[in-house]
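In what follows, structures are represented as structure tokens.
Next come two complexes built around subunit A: one with subunit B, the other with subunit C.
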Partner chain A sequence: MHLRKFGVSILGAVLLTISSVTVADETCMSPYMAKIVGQEDYVYVWTLGVEGLGDEQDKLVTIDVNPKSKTYAKVVSVLSVGGRNEAHHSGLSDDRHYLWAGGLDSNKIFIFDVHSNPRKPTLHKVITDFVEKTGGIVGPHTFYALPGRIMVSGLSNNKDNGGRTGLAEYNSKGEFIATHWLPTDGDLRGAKKEGKFADGYGYDIRVQPRRNVMLTSSFTGWSNYMMDFGQMLQDGEAMKRFGNTMVVWDLHTRKPKKVIDVPGAPLEIRCAWGANNNYCFTTTALTSKIWLIYEDDNGEWQGKAVADIGDASKVPLPVDISITADDQGLWVDTFMDGKARYFDISDPFNPVQKFEEQIGSQVNMISQSWDGKRAYFSTSLLGNWDKTGEADEQWVKLYAWDENELALTHKWTIDFYKEKLGRAHQMRFGAYSLYTSKQNKGKEVTMLDK
Partner chain B sequence: MSEQFFRKQTFKIYLLILPLVLSNQISFGNDEVNYSGPGDDKNGYDSRDYTTNSLSLEDRKGKKADIIKYVTIKQLGLPELKIPQNNKITREKIELGKKLFFDRRLSLNNTMSCGMCHVPEQGFTNNEIKTAVGIEGRSNLRNTPTLLNVAFNKFLFHDAREFSLENQVWQPVLAHSEMAMPSFGFTIKKLELIPGYKKLFNEAFPGEGINMETFGKAVASYERSLISGNSDFDKWYFGGNKNAVDENVKKGFEVFSGKGGCVSCHTVGKNEALFFDNKLHNTGIGYAESMGILKKIKTKVQLAPGEYVEVDNKIIKSVNQQKKNNDLGLYTITENPEHRWLFKTPTLRNISLTAPYMHNGIFSTLDDVIKFYDEGGFKNELLSPMIKKLDLTQEEKNNLKIFLKSLVGDNINILIADALSTPVGDLTKDDPNWANDTDMGYDN
Partner chain C sequence: MKNILLFFILIFLNLQNVNANEYIKDEREKIQSERNSLAIGWRDNLGYELPKPGSYELYNIRMSGDGKIIDENGNENTLHNLMGGKITLLSFIYSNCTDTNGCPLATSVFYKIQEKIKKDNKILSKLKMISLSFDPTYDTPQIMSLYGKDLSYIKADWDFLTTESLEYLDPILKDYDQPVIRKYNKDGGYDGVESHLLRVFLIDDKKLIRNVYNVDFLHADLLINDIKTLLLGNE
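Then we have the complex of A and B:
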């Protein structure tokens, strides 16, 4: 089976032109967003509060990451938000003025103003009625910018704390628009159930606007993601409650078109950037595989397991992944062994691991710069899933990546426990260059032309 | 409507239909939609041939029912219910209690309600996890017990620590590992500030309003109404309907009451059967868990339908944050060493809906439970003398399971549908919360 290659039709040419100008980010975010192609100034770390540590509550931690700054590699701002909300993922609005950050437990969504003073974000708004407005979605996970919109994927529901859930669509002001339920056997909502599963579970969102496609993946419900990880692994009933599906959606109508079997909890989705690369990758947390979700010669989206990640019997637990801007490489972090693995994906059907290095006793997220030269790593997976004892390191680390030599060079570490901050989870970039029409002190800027 | 008037009317109805009920000519349970069973069915997940059977959350609407009749009218197979003198049953109390039961705002961070663990379509327990998970994911040692027929319990909780539903209600609300409300007073204040509750409390408890007692009475009234008898077994055994069950059920009951000896604890009377004895017993499960007898070097972990790996327990231990506490049962309450590993006998009514089984959810299926008892439990110095090796044949085990499945009450679908028709209470912009700028009385 081969990928469908598209000729440059008139429509395609228009889309390609748009994509070459505006469609990009630091490799993993929405194509509808301005990107930082040069040096980022700040990394915003959505951080979980820990009982017995500091003020015990979740916070947005701002790290100065510009080497020219006097406060380089220092925490320059800490904004506590009240409660341990199970801080998890965050996403920027299409204009990158606001950072939306969710609590998988409390269901609160914190909207931070990151443009007025990128060095010191402020809390702009808190959405408290997410569950009520959406009709019962629990666990706001991915915050994905669409034009004038934020699409939020849920993980669970308020009926049984299981995995059936939906997507919630908000406008950029933070006003609720609509709920889009994931297809279940009881209501496929017009989607085709290709295989054996239509579990209705949710996790991540990514789009390929050129193909009018939105993809979602599937994890597990509140009872599991909030449960002690070790306890869950020993609970045979709980282990049955993981997602085994990905859903192909019509991006514009928000209608699910097809449910694809992807057994073993497909989590992060990363879509290729190339104009003719009609495919995305995901990794399955439990079965430890790289899956390719691609458009075939007949224009049908398919799923195929294309590589193994480590030894599944040792539960390496692939977590965050990051695709390079040229679609040639895929970073895969594996939580349990604390390793970052680099796969050559120049042939997307045959990824080959080229490199691995242990970053720490545990590692979860990776955020790489657009040029791929800098890779930031953080530790925390979930509040009750992180390791115990001395292995429970919590930090953000910066490494320099040399693609030719296949070498990671450690630059600095900020210890989040030593700083009394908490568990470091997702990292998003900020830059002054985003908020000025002029190129700023050598920082390369591409603005979304509206 | 006054309580006295209501009581007279229901008593008249009771007298009118009692003969019909006893002769099994009317049924409590008829409904066109089957709500019973998990919405996310994992039956067969151990096979690679598993196919999903997931229900739409949007279709989970249920149907309101007048469930007070289950309290006021005796059901076949169940004894007459004794209602506390100081908490007469009324529709207003049941409706208020039901609303509170499903209100997630009754937890510190607005995420947990009684109904998040006692999930209606899962037999008012939780089929999806062995032991309960509370607020912020905190671990609890025990399996969520069903609330069906809980009104007949002399003791409440697996370790018998409580004696009335009215008092029991508060413990999960205030427990650090369950709903974690900080105090009685804060809970009451929060309820007063949530729009609508003052009116409902005043209607249910005229002149009393929201306080510790009325809160307990309201929730207890709803829980008390979750009564489900009139099962196929009841229709045969107590109703005299020979065709209500097949021969395998009858043979299974023979094993149950004879060679199996199950009836010693899961008692069956001449005219009714609670299928529990209101006593506590040591089956050895608590002992075995405390002593680490069940531990293995590796744990079989499921990765996907029909796909398993054997995982070294060192790996599992590296992510096991839960503090290890042994569950010593009644001893936890009395500190009497003779009470170690004593746990309350659970009812067997509706047992096919309430997996997983035992106080710690250790067994996933009825087959597992039957096998355990057939092999004589786990030996220990305090093992109940009633637990002994049975040597049941496979046919006897099969029939025993078939019998157990005949104990589902015929109104179960109505109770579930009624529960599902109750909106889940979630935080709104009008509710007390710092992010809503609500003055809780602390602002200067």
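Then we have the complex of A and C:
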């Protein structure tokens, strides 16, 4: 093991000091975030509107997922936002009062109030000047909670619609604070370039606060993500415009420190939770590999390809990943074959695939509960990249996961086309326990600003 | 026969030694585990190198909130008035809080800060620290005075404040995005604080929030570094 054993984790505390015990929640969220105690009550699905289907608008769909509820596994709220924006990712504020959701095409950011009535979110604020305020960032992607703030990663820029982009920092009220551009060959911004690339591309954000480290990954710009998928694959020039880097940042100062080569579009980043596990994982969309980004014995952050995902020659296209709370397992969804794969990552340098199952004709996102027993899957990747015809299924599915037996058991499916909702993308959890006293369990929400 | 006896004595001693080693190992693991559950602010060593003060930017996050408060002597005032033209560290706490990584951590970090800067008059004279109660019902001015009595033992400017009632406190909490979960008794009456989100705010001399800390960052060295960075920016 080459990892630097150092540091004390804070995880328990971090769970933000709300003195309650952490029992259940997604495992891939910001460590700053308040956690759900017990069973999640709702899943919020940021959904792309589809022309000719229902009201055709992007919407936040709320699903009741508490098995004790009379409306279990039903859609209980639909909040349309008045148009199509290429709805994509969403992220909760550190107090989990608000859900920020972005439109990759319109550059709008929708901030939903999910705490006043977790069953029926409302639209609290819409940010419409993202490009102007940030100095040209396009495609608000990841919404990552920092104390009292949200860091937003971009995918593109308004100069050439390519992949050069930055991070935008907002305060908890939805007001712009600063732009942090990703380092490029032309402007490394003080970062050390480790390999061949310094492309300045962006995608995801994750942090390891005990090491004062923030990591970003890299995808592609507006000119590609809004292009027809088949057309793009035939376009040699377009296929050159994918990110090949990850950047290690000083979290406290927001300064880039090192650019690491991770060829083939590294997408989602998931960091280990353990007190001494100073590493994170990512997967590369084009080369179908798991990469480990880790701190070595000298305190330097390094990148290493540690496993293959399926047969790279068949382009399975790894998309969302999810790490278990004990850092022992990693789920990897592959869009093209619609499969979920489970890797044993107890040795992070040698992940071993233990299980795979086809979830549907296409699958993108996965959100698992903190105890790992429930895994929710959704379908949509991008409006112009989803499959067509019969293969264009759009749903949210819940599976029960038995780690000992290595078995996924299907519990229910909500067909988003049948319900005339649209394309199901990112899922986030909500629960009354975040806002209600244990002493007053089952009674009204007691938050001060309710 | 003598050799056999010696052999058994050695085995016995060795077993005792193994048991002692096992015990020490278990104790070490227990201590390590307890340490691992403590926030970074309880440790002397932050665990990474801090940048040079002034070599980085602390962005203007937003204007800090104001509101009516009551000091340890029962006098009414406002938060902004108390901040004056100083750099302020503001923490929300309550005296009944027992979560090691909650209010006691915030108070401990403030204590460490004054300890570390007690010989630095330049910082000491320009820093205000405020601990404001989440729980005005129980934390009367007298209670807050007792809470702070033995903490601020040097010339550090550290106030222990409360409010007249929840009616005065809630707008302040909302302004600072400080959620709190309250308990209520069977009759629906207020029954104290159950939990809250730990945050400490660094506010500059113009009353702008320049950093927000949670347990991950709440370490005396890091906060002093940020205070120095603000002071250098003012020079």
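Observations on the model:
Note that the second predicted complex is superposed on the first by the 417 of 450 C-alpha atoms of A that agree within 3 Å, B and C clash if a C-alpha of one lies under 4 Å from a C-alpha of the other, contacts with A are read in each partner's own complex, and residues count from 1 in each chain.
In this text, a residue touches a chain if its C-beta (ideal position, glycine included) is under 8 Å from a C-beta of that chain, and two chains touch if they have at least 3 such contacts.
Owing to the predicted nature of the structure, the values given are computational and were not obtained by experimental measurement.
Touching more residues of subunit A than its counterpart among subunit B and subunit C is B. Legend: residue contacts after superposition of the two complexes on their common chain; A:406 is shown touching neither subunit B nor subunit C. Once chain A of one complex is fitted onto chain A of the other, the partner contacts of A:436 are limited to subunit C, with no touch recorded for subunit B. By the touch criterion stated above, A:352 is placed in contact with neither subunit B nor subunit C.
By the document's definition of touching, of the two partners only subunit B reaches A:312; subunit C does not. Of the two partner chains, subunit C is the only one touched by A:149; subunit B is not.
According to the touch criterion, subunit A has no shared surface contacted by subunit B in one complex and subunit C in the other.
Contact residues of subunit C toward subunit A in the complex are 35-40, 43, 47-48, 50-51, 55-57, 59-62, 98-102, 105, 170, 173-174, 177, 179-184, 191, 194-199, 201, 209, 212-217, 222.
Every residue of subunit A that touches subunit C in the complex is listed here, in rising order: 6-10, 12-14, 16-20, 31-32, 34, 94-95, 97, 147-149, 169, 171-173, 175, 177-178, 209-212, 250, 252-255, 275, 435-440, 443, 446-449. Within the complex, the subunit B residues that touch subunit A are 38-40, 42, 45, 49-60, 104, 109-111, 116, 119, 121-122, 126-131, 133, 136-137, 139, 299-305, 307, 309-312, 315-322, 355-356, 361, 364, 424, 426-429, 431, 433-436.
Residues 82-86, 105-108, 126, 128-129, 131-132, 135-136, 138, 157-166, 181, 184-187, 196-200, 221-231, 233-242, 244, 263-264, 284, 286-287, 312-315, 336, 383-388, 391 of subunit A are the ones that touch subunit B when the two sit in their complex.
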